[in-house]
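Presented sequentially are two complexes of chain A, the first with chain B as partner and the second with chain C.
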Partner chain A sequence: MTAVQKSPAETATDAAVEFRGVSRVFGETRALDGLDLALRRGELLALLGPSGCGKTTALRLLAGFDRPTSGEIRIDGTDVTGVPASKRDTGMVFQAYSLFPTMTAAENVAFGLRMRKVGGAERSRRAAELLELVGLGDRGGSYPHELSGGQQQRVALARALAVRPSVLLLDEPLSALDARVRVQLRDEIRRLQLAEGITTLFVTHDQSEALAVADRVAVLNAGRMEQVDVPQEVYARPATPFVAEFVGVMNTVPVSGNRITPGAAETAQVRPEALLVGAPDGLAGTVLTSTFLGPVTRLVIRTEVGELTADAVTRPGLPGIGDATTVQISG
Partner chain B sequence: MTRGRRWRVVVLALAALYFLIPLIASAEFSLRAPGGGYGVANYTRIAEDPVLLSALFTSLRIAVLTAVVVLLLVVPTAVWVRLRFPSLAAVLESATILPIVIPPVVMAAGIAFVQANLGGPVFRALFDSSTSALTPFYVILALPFAYRAVDNGLAAIPLRTLVEAARNLGAGMTTALVRVVLPAVRSAVLGAAFLTLALVLGEIVIARILLYTDTFPIAVVEVGRSAAGVSVALSLASLLLTWVLLLAVSFVGSRRRRSSRSRPSAPRRNP
Partner chain C sequence: MTSLLDTPTAAPDAPAARPERRWCAALGLLPFALYFLVFLGGPLYFVISGAFTDADGLPTVGNLVASLTSPQYLLAFRQSLVLSAVTAVIGAVFGTFLAQAVLTARPRSPLRRIVSTASGVLAYFGGVPLAFAFIAALGQTGLATAWLRSAGLDLYASGFRIDSLAGLALTYVYFQIPLMVILITPALEGLLPQWREAAENLGASAWSYWRLVALPVLAPAFAGATLVLFGNAFAAYATALALTSGSIPLVPTAIASALSGNVLVGQANVGLALGLDMVVVIAVVMVAYLWLQRRAARWSRR
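After this line comes the complex of A and B, so read on.
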């Protein structure tokens, strides 16, 4: 990405959300260390990083549940750093268990409207509309404990969208769900987000989730931004060794030209799918582990340049554990 | 029947006898009619005795006042500590034990000293009636029990998430507390209120030492001196009242629990 220099005034107008030099210090730890990040209007930005990297801190600062030690947070160009959470105009979906247990799904969805003094008839109309939107039109009268985990998160999403917030905040909303429901709801969140055109900050530690739904991915490590870019770029051209390790699997190998060459001074980073197993001119090695993943089989191969991870299209005749094989950069 | 089960039945039977025999004996005693034979005369006298009735109302008034003050103090404090000062929770927990381990008689002696030695219109007004004099001290007596009951209730709900969700949707702290947290811990709050009521309806030491004779427990003791049958009838009646209240609270509580189990350990059904 080419960096275009802009004056602060200019950035303020075209960014829906902006972190400017935001730090948050808890005792000795710097949870966030000078975070600069701007969300474009209508985009879904995934804030990705390992646990403790500061991504949840950033989200809580934006929601107003916490105050930054220094720096400034802007929503739609307005400084909201000192504005209380109840006046921030953000809609948040929590990890789990956030529905009000003594209210029905419809009452939960209508809660934000009630706080904004919207009339009863309009409230129920909007709640019904939102529940319909998340595919729970017939469950408005159900209490949270009568809904499955996935349904509860749908209601939570409807509740966050009901007040038409300027930013949607998703705090690992899928992490408490089982795998199948997770993928289904993930795609649905993306569909809704595109349909509503709402600026969204999606906090997750799951890189496949981030790559799958985000317009841009921001990788955070130890309170610092490592890289912000479209998923394809983050995957193909990781800016730092940390990003390379954290997003997908990366092999670092000595190369000469485009071939793995033991002892070469130059190194390259190669994804598992870019390695060819059984290549005629390949480097000799022994298969350590073989993991069947469906369409591909992941092999860890011990070679003289170290252990390499390679994904081979699943087919008969692939080397098994203990077999000798060769490996080379494909193409 | 296995050996273990047989022992359980024996222990249960012994415990039942231990509790039931005095109750049955009391009931039998309270039903004796003065001229021999049985009747409900002792019970009808409760309703007819103006001193007893006014004592009952005085104590109920103190009890309700105490419960209201205790809840107003305890609920926001417990929520505040859990949200803002979780590190203080342990300190507060041991502090709430103090009134339990210090016998009421110690507190009563201290209060008596204050009552005797501090003048001024404020103090005189405070000690003027049993309601204004006793309520503050009963509040202190009830605080630890109520705090524990409410705090346990709060521990069972995802408090922080619920409050943050409410605030995110535009609710202020008070609204979040009243609309979201309070309904979710209703049974715990009711339990705290009930404990307070029971405590006040049975407190005798402080009232005695401060020389307030118009409360219900004191009246029961006084009646016992002249009419033992009425006193026992009263005790049984108040025990019954306690049971009814307890049952009511546990009924409401269990209904709440069933409808507030909103935290599944795993998704139960497909979405």
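After this line comes the complex of A and C, so read on.
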């Protein structure tokens, strides 16, 4: 968060996208419950939460595929709550398989321009330019079924950007891809987003994805906003127990001073990397599991204050499964 | 690190099925193969050999020439083709609209259940019972005819007859539409919701979405299903016979009269030649259908 809080008036004019008290009720379920959220111009905001938390509902409301039960949605200061999807000027990338199967990659990218009555020559030029931008300059003539999942999502991204929308909407665009492609495309999306300076709402359930690419992360739970902040703050200072649990791994321990103290009234939340394994004055425990993650090894240790997760720098002599060890807050 | 970049050694292939096991698997097909041979191969052989044999058992192409040149058979072919094409197109168009309407209804709505069940039954409701149902409804003294007359619309005074080509077409459409619903529903279900949303998101109207996105995807399946409808009508015999007593010349009824010697004695082999002509028409339809099926499958591959 920036240190200087802006006045509401300022925020209103500054916001590229605004949800104002937006609720969406499906029968008995409140998918969204009074959502207030503003996206600053040019920022990438990750909307993070478990499945069913309302993040996709929020995105679909912004795209215009659904109408809020109450509340108001603004794009560039204009109320678009009643505007149909086709007139909203948003560019959306879906989870998967959204390319039009009977059109080539280039025709897919040019589709939005065609709908805007842009001439054929200009359309092809822009489509080629966009495909080049996503690294598929030579695949313009390919049909979607001839492209890999990652390539299809690149085309979908180019298609969404081709019309120069005021907001880019990403609906878990990486979830159907395998791990390596996912990281590659994630970084590429960020690179493009920064280059184009386009306001982006990135919906994801993957906290590492959100922390890696977003300017700010908004954590949503059961239709309500838990925290909106820069990734470092969300990770280091989770606003609610839910955020602490959902973003990364968090241990909740009784403390006195800065030491784990069984029976102490005060509790603290400690990340696995802030626990020291084998500390001389540590709490005794037994290693339950040990997971080698490369540079660090993640240990789950059973102690009298419960099971604690600790990340230790991988080195010879780390306790193995079943071994007795000690654990304490480092520093 | 190179080991990580190396192509992983391919897992050893599953051991090739032992020959005796393959034979066992083929054995399971035997009943079907026999059935196929006896009830399709046999008659086909009988039709082909008969078509090329004259009354004295000598080889000839005379039957085939007669089947394709005599005015009564040409008329039968023309009427059969027109009837099949018209009812196929009507059935295809209305069937597609009906199927789409059903799909947009809630999955558990009664409408959806009724239409899909009814389609399954009515698509195979043909022959004498259907002809009777139409005569009872739209015959000269039929219920619907009488009801319309009392409402001021005299069908028969305006030239309609149930035992006419138009009456036949009306009756055929009754089973063509439900068949189309059955055939096209999977293709309509294959239209992914995100295509529509992506199109909308890019500024497309509903009409642009259908014209540029959905219809091109559906086209091969639609054309293939229309061909099936065509073949279905082309081969229908009992319905036509029961409805018109053979007064409207169609290929199947022409074959029946030629074979039974109703009109002229000694025309049996010309009847077989007509049968062969039909086999060729249906074969062409089937080849076209298979080709379209493969095209339709292309879009569903991901």
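We adopt the following convention: the second predicted complex is superposed on the first by the 321 of 331 C-alpha atoms of A that agree within 3 Å, B and C clash if a C-alpha of one lies under 4 Å from a C-alpha of the other, contacts with A are read in each partner's own complex, and residues count from 1 in each chain.
Assume a residue touches a chain if its C-beta (ideal position, glycine included) is under 8 Å from a C-beta of that chain, and two chains touch if they have at least 3 such contacts.
Note that this is a predicted model, so its numbers are computed, not measured.
J.: Of the two partner chains, chain B (first) and chain C (second), which one does A:101 touch, if any: first, second, both, or neither?
T.: In the superposition, A:101 contacts both chain B and chain C.
J.: With the two complexes superposed on chain A, say which partner A:321 touches: chain B (first), chain C (second), both, or neither.
T.: So A:321 meets neither chain B nor chain C here.
J.: Would you check which partner chain A:154 touches, where first means chain B only, second means chain C only, and both and neither mean what they say?
T.: first
J.: Which holds for A:163: it touches chain B only (first), chain C only (second), both, or neither?
T.: Both partners.
J.: Determine, for the superposed model, which of the two partners chain B and chain C contacts more residues of chain A.
T.: It is B that touches the greater number of chain A residues.
J.: Using the superposition on chain A described above, determine whether A:236 touches chain B (first), chain C (second), both, or neither.
T.: Neither partner.
J.: Which parts of chain A are touched by chain B and by chain C alike?
T.: 63-65, 84-88, 90-92, 94-95, 97-102, 111-112, 115-116, 144-145, 156, 159-160, 163
J.: Could you list, by residue number, the parts of chain C that touch chain A in their complex?
T.: Touch list, chain C to chain A: 192, 194-195, 197-205, 208, 212-213, 216-217, 298-299, 301-302.
J.: Please name which positions on chain B make contact with chain A in the complex.
T.: Chain B residues touching chain A: 157-158, 161-162, 164-172, 175, 179-180, 183-184, 186, 256, 258-264, 266-271.
J.: Which bits of chain A are touching chain C when the two form their complex?
T.: It is residues 63-65, 84-88, 90-92, 94-95, 97-102, 111-112, 114-116, 144-145, 156, 159-160, 163 of chain A that touch chain C.
J.: Over in the complex, which chain A residues touch chain B? Could you list them?
T.: The contact residues of chain A facing chain B are 63-65, 84-88, 90-92, 94-102, 111-112, 115-116, 135, 143-145, 147-152, 154, 156, 159-160, 163, 176-178, 181, 184-185.
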